[in-house]
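Chain naming follows the written order as A, B and C, and within any one chain the residues start at number 1.
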Amino acid sequence: MDKNRKWRNFFVADSAIIGEGVELGQNTIIEENVVIGKNTYIDCNCVIREGTIIGEDSFVGSNCIIGEYQNDFIYTRKKDNYKLSIGKNALIRSGSIIYSNSTIGDDFQTGHQVTIREESIIGNSVSVGTLSDIQGTCEIGNYVRLHSNVHIGQLSSISDYVWIFPYVVLTNDPTPPSERLIGVKVNSFAVIATGSILLPGVEIGQDALVGAGAVVTKDVSEYMVAVGNPAKEISDVRNIKNRFTGEPAYPWRYHYNKNMPWETSTYDEWYQSLKLN
Amino acid sequence: MDKNRKWRNFFVADSAIIGEGVELGQNTIIEENVVIGKNTYIDCNCVIREGTIIGEDSFVGSNCIIGEYQNDFIYTRKKDNYKLSIGKNALIRSGSIIYSNSTIGDDFQTGHQVTIREESIIGNSVSVGTLSDIQGTCEIGNYVRLHSNVHIGQLSSISDYVWIFPYVVLTNDPTPPSERLIGVKVNSFAVIATGSILLPGVEIGQDALVGAGAVVTKDVSEYMVAVGNPAKEISDVRNIKNRFTGEPAYPWRYHYNKNMPWETSTYDEWYQSLKLN
Amino acid sequence: MDKNRKWRNFFVADSAIIGEGVELGQNTIIEENVVIGKNTYIDCNCVIREGTIIGEDSFVGSNCIIGEYQNDFIYTRKKDNYKLSIGKNALIRSGSIIYSNSTIGDDFQTGHQVTIREESIIGNSVSVGTLSDIQGTCEIGNYVRLHSNVHIGQLSSISDYVWIFPYVVLTNDPTPPSERLIGVKVNSFAVIATGSILLPGVEIGQDALVGAGAVVTKDVSEYMVAVGNPAKEISDVRNIKNRFTGEPAYPWRYHYNKNMPWETSTYDEWYQSLKLN
């Protein structure tokens, strides 16, 4: 970059605590009582709202709004000491909006134009793809991967190591519109393929696989494959072979380790080491 | 907030009319001949384009573009006196884009990153969810609720009190690509559940229910439930029970009143009172 | 506009090359080694990143990020001389994000909030609708039309004159999650209707039509219509009549010429003239 480039017109409230080595882009606004960990980079045109905490070594792309107002601000113009906490080493790509009053772990990643509403509890090493929309009041475990354009309705519960592919919707209203909502529960290691719809209250078993374009109206048992509209269980996941290797493709944790905690060993070795510790 | 915080670098054209008590965020641009009603709040980094009217007591979140250029501007760089009119008490959440030359009633709400194109006629008390995309040249009645990521094709006609849930698409081209389009018509009190596709020219009857993931190729009669791909009418809505109460769930207007004009009474009492007046 | 309106606070790096007649909006940032062709208009709040080339007579709407950082920047804070090249006469609507290291031809158009990732090779006269998400490492031919909210997975290959309608997803992982991906191939003049899902590795034949809401698990032959979940070939496209005229609707190139190279003649005349030259 030009040595002489001067970022201008950013605003940092007096009460904000900015760590060493933080860089701020042009026009960015850091509001009152924000805490930014050391070496974090906040790009141009961002708004980091009152009371937001962002951990060290993070990156926030241009045009993000972090700690977005909840409805009470809109009606009262007062912000009641809400907090958004995002762990260290986050990578929040440009155009994303994250509300106040959620808690997000370390090593969080988003794509672009993501929306995450209030009262979302999100674990460590979660990634959320471009245009995904987490409606808030939900729990998402560790090492969960949401691909692009996933919609997580309120009251959803997603365990660790779950994969959800593009255009999947987790719904919550059995007889819309109504006021008694019931969320979807997705258990560990389950995989929900592209364009599936999970109806209110269904539970997807551990290691189950929901095929592309399924409309899931009933629970899916662990290790089962469910496909179609309405979805039916048609097989055990352990019968599916990798098209290239001819080896079983599932449970995927024995065949896939990219960015997983067992990345440098195998799932079994890692799991044994956990038990020893 | 800091008493000393000074918003800077906003631009207000001399010809704009700004009501009492209006607040403008940093970097916001108010172009020529804009009219902003009293007590309205326009947050940071917004562009309010020439000739836009926004009613009193409204809130426009950060990074919105209101009165966006139509194609003729892009080709001619001249803006031909277009007008966008938005009623009072609007709540337009951050990142939304609304074109010039539409008319929107009072008590309008949007989620984030919404797009509303030109020649949209939208009634009162309508809400449009995050990422929804209204393609313009369409009519939307009063008290219509579009949830997240709904796509309303051109020439759609949506009556009062309609609910449309996430990832529903209203299409308009029977033999794509072609130049003879025909819109979808959705009658009052109908409910279109998540992920349904309504094919060009279909009409959804009053109080009908289209189930999640349906592909609707033919008209659906009033009070009927249609599900599947292609969708078939399988039941009368009045046979569906609320899962928690065991009571009939439809017509929903007898069981749901949140933010509806009959919120403080019942639908029947409200309807009778209308007739008396 | 006000004669006296002064755009302020834009930044242009010393090394950028700005053509005659270029206009820059308020707060826009033009980084190092950018090249902007003559008469191009870059609206407010844009970031045009290092090394981006945008052709003459183009329009870039507000809040766009053009030449967006790849992951290596995020981790190293160094930008390794990446280039994004966009041809002349582009129309990139507001809120769009285009990564560095892609190549895009002339007469390119986007809707709003589009994302185009790195290593996308895009031909001339392509349009990409609002909220569409091109994941990169893919090839898109000339005169391709992607409507709103289309998701193009990595390794996709799309030939000339293809139409893809809203909420279509081109996938690439046969046994998700895995690391051996295989893209979808769509041949010339094919039409993919709203909400279809194309599974990894399928090939859609020239002039084929995939119906709305189809889940395509196998190749579709040229001229065939495939519908349903899972999709089945049910007819020859040449049997489909235009609802209004009663004439055959396909192959569409004989009945539709808007913005096509045969706009001022017929497809056959144009095709013959090509052979003569």
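What we mean here is this: a contact is a pair of C-beta atoms (placed from the backbone, for glycine too) under 8 Å apart; a residue touches a chain by one contact, two chains touch by 3 or more.
If you're wondering where the values come from, they're calculated on a predicted model, not measured in any experiment.
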Interface sides of chain B and chain C: same vs different residues, half threshold: different
Rotation angle superposing chain A onto its copy chain B by C-alpha atoms, nearest 5 degrees: 120
Centroid spacing, where centroids are CA-atom means, of chain B and chain C in whole angstrom: 27
For chain C, residues that touch 2 or more chains besides their own: 9, 27, 45, 63, 95, 113, 131, 149, 167, 195, 213, 229
Residues of chain B defined as touching chain A within the complex: 1-2, 4-5, 8-9, 26-27, 41, 43-45, 59, 61-63, 91, 94-95, 111-113, 130-131, 145, 148-149, 163, 165-167, 191, 193-195, 212-213, 228-229, 240, 242-245, 249-250, 252, 255-256, 258
Contacting residues of chain C [partner chain A, same complex]: 9, 11, 13-15, 27, 29, 31-32, 45, 47, 50, 63, 65, 68-69, 74, 77, 95, 97, 113, 115, 131, 133, 135, 149, 151, 167, 169, 171, 173-180, 182, 195, 197, 199, 201, 213, 215, 229
